[in-house]
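Take a look at the structures below.
Below are two complexes that have chain A in common, paired first with chain B and then with chain C.
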Partner chain A sequence: MKNVLNVKNIYASIGGKQILKDVCFDISENEILGLVGGSGSGKSTAAKVITGLLKPDSGSIELYGRKLSGKRSRKECGSIQMVFQNPESSLNPKYKIGKILADAMSFQLRLSREEIAKRSADLIRRMELPEDTLYRYPGSFSGGQKQRIALARALSVEPDLIIADEPTSSLDVSVQLRMLDLIKEIKEERGLSILFISHDLGVINYLCDRVAVMKDGRIIETGDRGSFFEAPKTEYGRELLSSVPRI
Partner chain B sequence: MMGLLILLALTAPYICRYDPMAQDLYATLKKPMTEGHLLGTDQLGRDILSRILYAARTDLSVMAAAEVFPFFAGTFIGMAAGYFGGRADAVISLITDTFIAFPYYLLVIVVAFMTGAGIHGIIVTFMIVGWLVYARVAKALAASFRNTEWVEAAKLLGYSDLRIIAFEIFPNVLPQVVVVLMTDMAALLVSIVTLGYLGIGISPPTPDWGSMISEGQSLINTAPYLSLIPGFMVVYTGIALSLIGDGLADRWRR
Partner chain C sequence: MANMNERNEGKVFELKNLNIFADEDDRNIVKNLSLYLNAGESLGIVGESGSGKTLTLKSIMGMLPDGVYGKYDEMTENDHIGMIFQNPVRALDPIMSVREQMREAYARHHGDRMYDDEDKHTKYVSIGKRLSRILIGDAMTRNLSSKKEDAADKWIKKICERLSLPEDILEEDRIPSTLSGGQCQRVGIAIALACDPEILLCDEPTTALDVNVQKNTINLIKELQKEYGFAMIFVTHNLAVASQICDRIMVMREGTIVEEGETDKILKSPENDFTKMLIASVLKVPELKTEPKNDDLKD
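And then the complex of A and B:
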């Protein structure tokens, strides 16, 4: 399978404090890579660096083998999208959902108005959102619905990679499961690559194809989901696994 | 309330039977409700109703003219400072804090003396100091939005900083700055009136509520209405403005 994203030797710091140390990993087409680790291990910082919101101190990020520079073009921006942890502040409260989606598509893809309307309606239906979603403001939706709208916004610009930073951690269990299934289905339909960040190993086990373990700003272990959950290679991996409550 | 006032001010030339500056020394100090003069006349026999309405024209238009530039400039400067943070923020903070530490009226009076009394002086003065209050409010708000996910999502879509400030942040800042606009307009009206009262604002004989109050002051015992009526107009306008501010803020709060 083709590599979509290559992260090579990334060092990054926030406010003078070094957070990421020599971070390397890659993601293939039609693959979900789970990035696990305790809080403060640098998972979200890694996401910020990949999206370009944070400049790394050194190292490189390649998308389909092409190196992404510090200042990204419109197309490069659109090719990596993100679903954030907090559904409450993911959408601009002053705009109706229809406008949020339409703005993103007209800016990124330069589509006609009819095409935008058609795609918006399709996305809303695919995300199992109410019919009138496009005409409502973000404030009128539940957390789970907002996350699906955020996913719709990310998908609307046809990205190559979606980074999901704990997108289900603030949702209750039944809503969480549906969201995970949706992500899985969308991945299969579109052949998407997804970097899924979570500290919840149950979620990772359910969703991901491969797992990367992060500790103190370093990737200490990567492997297939099966082999990681059966026999983690590192002590920290075993620790993480043993801390999961068995039901 | 404000609509009524603006309507009256706009139609003043059609409503008023008298020229606001026409003196009639045979009909001085008529009490309100006198035949032909609804609100009476002043010590020079000028019709008070006409003067009040013409003064509304001057005062309100000076107020609006002096407020437009500071409102937009201050809001955008503040949003930019809050959004970019870092050095831009430090520079803007330094400027606003310096100006705010300065006694406002002193500054206004100094500039009014430099540019000369009159309408232009007031507008110029206010352009210099007026934007500060908007810059402060907009900066604080924009800084609080800077790291929200919806701003980051906008960056990820590749929107330019200008676009994010103007189309993502501005709609969220607008309700608050409009409330500030309304209270600030009331404060500005008071300063226009104060300057008129002190004799360095809108210069006589152009009617202005401030100079009307001060002209009536010497006769406060015999003809209190000379000062009370323009005084009431100032209060009325102030209340109207703050009600508009509240109403708009309620409508936009979602």
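And then the complex of A and C:
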């Protein structure tokens, strides 16, 4: 299978503190890679480096074999989209959902007004959101609905890769399950590649094809979901696995 | 211990017909909720966001937020109720040192009992400490006598050791933002324990934490329950977490208890559809089977 993303030997620091140390991984087409680790292990920093929000000290990021430079073109920016952890703060509270989606599409795809309206309506329906969603403000939605809106915004610009940074950790377990199902369905429909960041191994096991474990800024283990959950190679992997609450 | 309600044998706490209303439109948020707690027992309240779990706990604590009010037929009076909050960082004062916050909680609950705890040795240490404070120009200007300071100091040291909090968090410049989430939660637990609780209310204490920190926190609360013998109400949206810690579970939906019973019974033979849905929402993880293949791979 073709590699969508190659992350090679990334070193990155924030405020002079080294956060990422020699981070390497790749994601293939139509694959979900789960990035697992504790708070402060560097998961979100890795996401920031890949999206171009943070410049790495060294190392390279390739999208479909093409190296992404420090200053990215409009198309390169659009090809990697992100869904953030906190749905409250990732949507502009003063814009109606219609405008939030339209802004993303008109900037990235330069579509006509009619086309934007049609696509927005389709996305809203696909995300199982209420029909009047486009005319409402983010404040009037529940956490789960806001996360689906954020996902709709990410999908609206037809990205090659979506980075989802703990998108369900602020949701109830029941709402979380519906969101995960939706991500799975969308991935199959569109052949998307997803980097799914989470500290919850239950979620990773439910959703991901492969797993990478991160600790103290390094990737310490990667493997298929099956082999990781059957026999993690590292102590830390085992510790994480044994910590999951079970019924 | 004080204020034990002796009419209810074995019961340390009982609440009958709690109703919570919104000021604005008199909407009934929590409807006719009754619960009881036996000594040393853990009761889980499980439900989705907005079902009224947190408001129930807050009304027991007598700290309902503005905009809602509660009514009940009967509630056991008890001064020894501690509470642990969902967001460990926000539950603490952001600009007060962690040590001062622990000291304040202890002083609040032990104001008149401290003298009993004293022994000569601590008094001696206290004079030395006070002298050194004066010498290095660090005046402790809190409204606590030297004796009270000692008892609080002793308690803080003991509780930090018990909760595996490193000693350096007690330095004067350590405010909550300099601690990790797990550490803040343990400080929160320490403050809740300051009142020698007979009842501990836990409001999603692990939701904001990493899974491995979550597990440690749950184990810690379980151990503390054995040591201190308090009864506990544990609120969570995750049935798996509740099943690890609770003897009984109440399932709450839109302000109403839809099902309650022993944990095993709820998990094995749930009757309500909502309970079944909650059980189905717990994502399964396979059990660990084999040992790590290679020692070199240990991190």
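Criterion: the second predicted complex is superposed on the first by the 247 of 247 C-alpha atoms of A that agree within 3 Å, B and C clash if a C-alpha of one lies under 4 Å from a C-alpha of the other, contacts with A are read in each partner's own complex, and residues count from 1 in each chain.
Following the convention adopted for this analysis, contacts are C-beta pairs under 8 Å (C-beta built on N, C-alpha and C of every residue); 3 or more make two chains touch, one makes a residue touch a chain.
Predicted model, so just to flag it, every value in this text is computed and none were measured.
Of the two partner chains placed by the overlay, only chain C lies in contact with A:236; chain B stays clear of it.
In the superposed model, A:92 lies in contact with chain B only, and not with chain C. Look at A:202: by the touch rule set out above, it reaches chain C but stays clear of chain B. In the superposed pair of complexes, A:108 makes contact with chain B only, with no contact to chain C.
Those residues of chain A that touch chain B in the shared complex are 51-53, 72-74, 76-78, 80-82, 84-86, 89-95, 103-104, 107-108, 137, 139, 150, 153, 157. Touching chain A in their complex are the following residues of chain C: 48-49, 180-181, 210-215, 218, 237-241, 243-244, 267, 277-290, 292-294, 297-299. Against chain A, in their complex, chain B makes its touches with residues 148-150, 152-159, 168, 171-172, 254.
On chain A, the positions that touch chain C within their shared complex are 38-40, 142-143, 172-177, 180, 199-203, 205-206, 215, 220-221, 229-236, 238-247.
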